[in-house]
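The next block holds one structure in the form of structure tokens; read it before the comments.
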Amino acid sequence: MKKLELVGKKPGQPYTTIDVRGVQIGGDNFVVMAGPCAVEEKNVMAQIAENVVKAGGKVLRGGAFKPRTNPYSFQGYGEPGLKLLKEISNIFNIPIVSEVVDVRDIDLIAHYVDILQIGARNMQNFPLLIEAGKTNKPVLLKKGMTATIFDVLHAAEYILLEGNNSVMICERGIRTFETYTRNTLDLSAVAALKTLTHLPVIVDPSHSTGRTELVGPMMKAALAVGADGIIVEVHSNPENALCDGDQSLSLNDFDSTMQELKKMAKVLEKKL
Amino acid sequence: MKKLELVGKKPGQPYTTIDVRGVQIGGDNFVVMAGPCAVEEKNVMAQIAENVVKAGGKVLRGGAFKPRTNPYSFQGYGEPGLKLLKEISNIFNIPIVSEVVDVRDIDLIAHYVDILQIGARNMQNFPLLIEAGKTNKPVLLKKGMTATIFDVLHAAEYILLEGNNSVMICERGIRTFETYTRNTLDLSAVAALKTLTHLPVIVDPSHSTGRTELVGPMMKAALAVGADGIIVEVHSNPENALCDGDQSLSLNDFDSTMQELKKMAKVLEKKL
Amino acid sequence: MKKLELVGKKPGQPYTTIDVRGVQIGGDNFVVMAGPCAVEEKNVMAQIAENVVKAGGKVLRGGAFKPRTNPYSFQGYGEPGLKLLKEISNIFNIPIVSEVVDVRDIDLIAHYVDILQIGARNMQNFPLLIEAGKTNKPVLLKKGMTATIFDVLHAAEYILLEGNNSVMICERGIRTFETYTRNTLDLSAVAALKTLTHLPVIVDPSHSTGRTELVGPMMKAALAVGADGIIVEVHSNPENALCDGDQSLSLNDFDSTMQELKKMAKVLEKKL
Amino acid sequence: MKKLELVGKKPGQPYTTIDVRGVQIGGDNFVVMAGPCAVEEKNVMAQIAENVVKAGGKVLRGGAFKPRTNPYSFQGYGEPGLKLLKEISNIFNIPIVSEVVDVRDIDLIAHYVDILQIGARNMQNFPLLIEAGKTNKPVLLKKGMTATIFDVLHAAEYILLEGNNSVMICERGIRTFETYTRNTLDLSAVAALKTLTHLPVIVDPSHSTGRTELVGPMMKAALAVGADGIIVEVHSNPENALCDGDQSLSLNDFDSTMQELKKMAKVLEKKL
């Protein structure tokens, strides 16, 4: 049986670089995507976006449709959230990434965002993968909490089979017996993916650790291990975030970690 | 925040019984659902159905839309498979269960089947849960390979919130470090679910173990631990099954295990 | 490389039966070992032992040397505990099992007990396995919380290689991401072990689940899945137990579950 | 109940630095321990030691007593191996670390080595921890494959309670469902340990990944995440290593990764 015909890295094959409104992802670039868990009020979004850009972030994140374990949890602002995210994107000239949860919403979301995110819970939602493969939008595909390295590569193959080659694979932590952290961020999976696929590999240090004080060290480790970028939760006021405040960096902490990353990037010959 | 308002078992609350075309699921019944992994040719289906009914099986299973990790794997016969399954269902007067993978297909599938199955990979496909909640069909909700007991209860809550109370929760094994079995069937989760929810709890000993020789013992253990039923893969010719032959019981093995289950059911005061 | 020469079950090879002071373990017997987590005061021990015997228990358990994660936790009464356990054993004519933690204590403990227990944390304490193999005492070898089926078989091989063939393998739960239960009792590992080795296989439903209300259902499931016995924590007053009160059955609950087991054993053709 | 009185990091408490024959471990040092899995022939050991020193390694590793899952696997050269290791240590003036497996061998091994290693399988071998605590040798305590962050901290507490404060905690990978790597190296546990304890934290990228091509990236990630050092398997001829050849770096690969680490250490303000 055929497998990984499209996502597998053949000997000598160069790594894929994806262009998102002028931002290069892959190759010798290290891209930082940052923003709040959920899209917030306009003035909050503006403050966050301004600081993300100033610190060197290249993509703004923010959820409008939030998949939540508990049906009584806040589910996001929906389309009005996307509109606001787009407005902020235009003001600060920064591409945006947001999650698509429902296969029926793909066209709507693709209309607003620059990168379609497929979340960990939907990594094997095959109709969603196929429809994302039919759009011309780059896709950030999160590895499931229980998915193996080969599972996520097969999921990516579904997207490429439809003709969309602009896929980034995102490691966001797996479920293990350890309870101190929310999940276990598997950086050896990142190193392994860089040997197995030509697609860019992104790391999410926020959802994986679930603890603010561990986010900075894992951002640095992600750069060192060879990831092509990170997607990180940042908020101007983590205590009052609509969601995920416990794992969001403050603007100050984000800025100071970015300074460290820049110094490291230089000796690791990565553009940041 | 509210949680498990609808699926949680309140003190003294009786267990829910679901009627599926005259078959009672829940209460003091132990229901056996059996059939091939994927819908097969008509004569094969007829032979399997006949034997399932004769041995005491009460629901026929068979996949028409198969979610597969590898995009190059057989994906099922689609609607023609459902039509055939329905035909067999009518001939042998046995209700049928089949999986829905795509939220856009729910009405189509609900038109043919008696029980809608939501698979492990889609346990947190929230739009699919919500739409299943809007139908009047009983739902067999499989616990994800990485889902906790509370995760699947929250997923069931999504369905009940839409007004559909006929939900069965199915334990089908979780991912652990053990590699000898395909997954680890967690029967203590079944015992726990029986204390936490009033909904019927079903066990899948086939996908969890992935090994024919372990299916029979786990069927018996499922009955003993207090499950309300099992869903098991059975085939007239496991070596030539369209999929999952390694974990399918032969008709003979199914029949002899059913004889043992019947003896056990008597002393456990369960109807089988 | 050689592997599992001694513990592996060859085609047609009969299952091993171990005689412990007249109690047969293995074959068509289902043996129930029960008692408190730690050896308690004499009058408590006598009350428990009397009830265990009356309900059909065949071996009395009780820890004198307790391996504890936290160095500040109660570590057991040591040799005085063993002396008391032996006294009770003589009064009620019931063999006893207790854990050896330190390789230097093996002779001391073997002097008192009928079965040497090697705990989950010591499953790969190879010097301990080797020294246990040099005694003539039956060994109850617990599978580690993180051990695979083949790991525990290899550990048993260490013991048999020294000439001691009287080894029972005990499944006591593995670490998984599920947090509702203390560990995940893997009954499919029990079914698998019965196909892989001729040694008796015992189940511990107490340490694995960590919850009293789940112990009874898992005792029944252990019998149904084909285990050769169980080792279960029982206490006359679980609330005041020296340790593990949360997972200890009361004498009444133990007795009523034993009644159910006896009915099941009859139809499963097991002696209890 | 008391817990982690001694290993816990109190607010403002400085990190512990351990002096091993003049090599400083902890604080702003990043120490590299390297060498073969098992002690090899003298000329092989000399070649490896020479290159380890030249590349900047500060401690030489090599196993003389090897705990092996399979009793038929090579178990190490025993005391002659330790003698040879000591001889090499003197020639190249480099401290040595080797594993103690049997509590009865501690004095013997402490006679030869500079650091006592307690392996992952023995992390909860409490007599071994206690006896190691009675020596005056620094201890490298490996976190078990199934141990949580708090489990290993409690194990370290056992050692400190006996009066030995020179303990390093080593993350060497945990068991998860991922099968591509041997274990999953949990670098977020390293970041967490640095916030929870004042003891130095070491990373083992060899046993955790089990794959040569992943060792270099994980060495860099370990430095970036804030570890105090690494212990890595290096061999002059990995294909012919007595054990663990699949995960051993060649001398060339070790040397080139050390060059990268040195550049990184400078911007991270670590001494290497």
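For reference, chains read A, B, C and D in written order, and residue numbers begin at 1 within each chain.
Quick note on the criterion: a contact is a pair of C-beta atoms (placed from the backbone, for glycine too) under 8 Å apart; a residue touches a chain by one contact, two chains touch by 3 or more.
Keep in mind that this is a model prediction, so the values were computed, not measured.
Asker: So which pair out of A-D, A-C or B-D basically repeats B-C, with more than half the contacts the same?
Answerer: Going through A-D, A-C or B-D one by one, only A-D repeats the B-C interface.
Asker: If you tally contacting C-beta pairs, which comes out ahead, C-D or A-D? Let me know.
Answerer: The greater number of contacts lies at A-D.
Asker: Go ahead and note the Å separation of the Cα centroids belonging to chain B and chain D.
Answerer: A distance of 48 Å separates the two centres.
Asker: Return the distance between the CA-based centres of chain C and chain D, expressed in whole Å.
Answerer: 35
Asker: Among the residues of chain B, which are close enough to touch at least two other chains?
Answerer: Chain B, residues with two or more chain partners: 146, 175-177, 179.
Asker: How about chain B: which of its residues touch chain D in the complex?
Answerer: That would be residues 175-177, 179 of chain B.
Asker: Tell me, which parts of chain D touch chain A in their complex?
Answerer: 146, 148-150, 174, 176-181, 184-192, 194-195, 208-209, 211, 213-214, 217-218, 220-226, 260, 263-264, 266-268
Asker: Note which residues of chain D are touching chain C in the complex, please.
Answerer: Those residues of chain D that touch chain C are 1-3, 67-73, 101-104, 121-122, 124-127, 144-146, 151, 154-155, 157-158, 161, 175.
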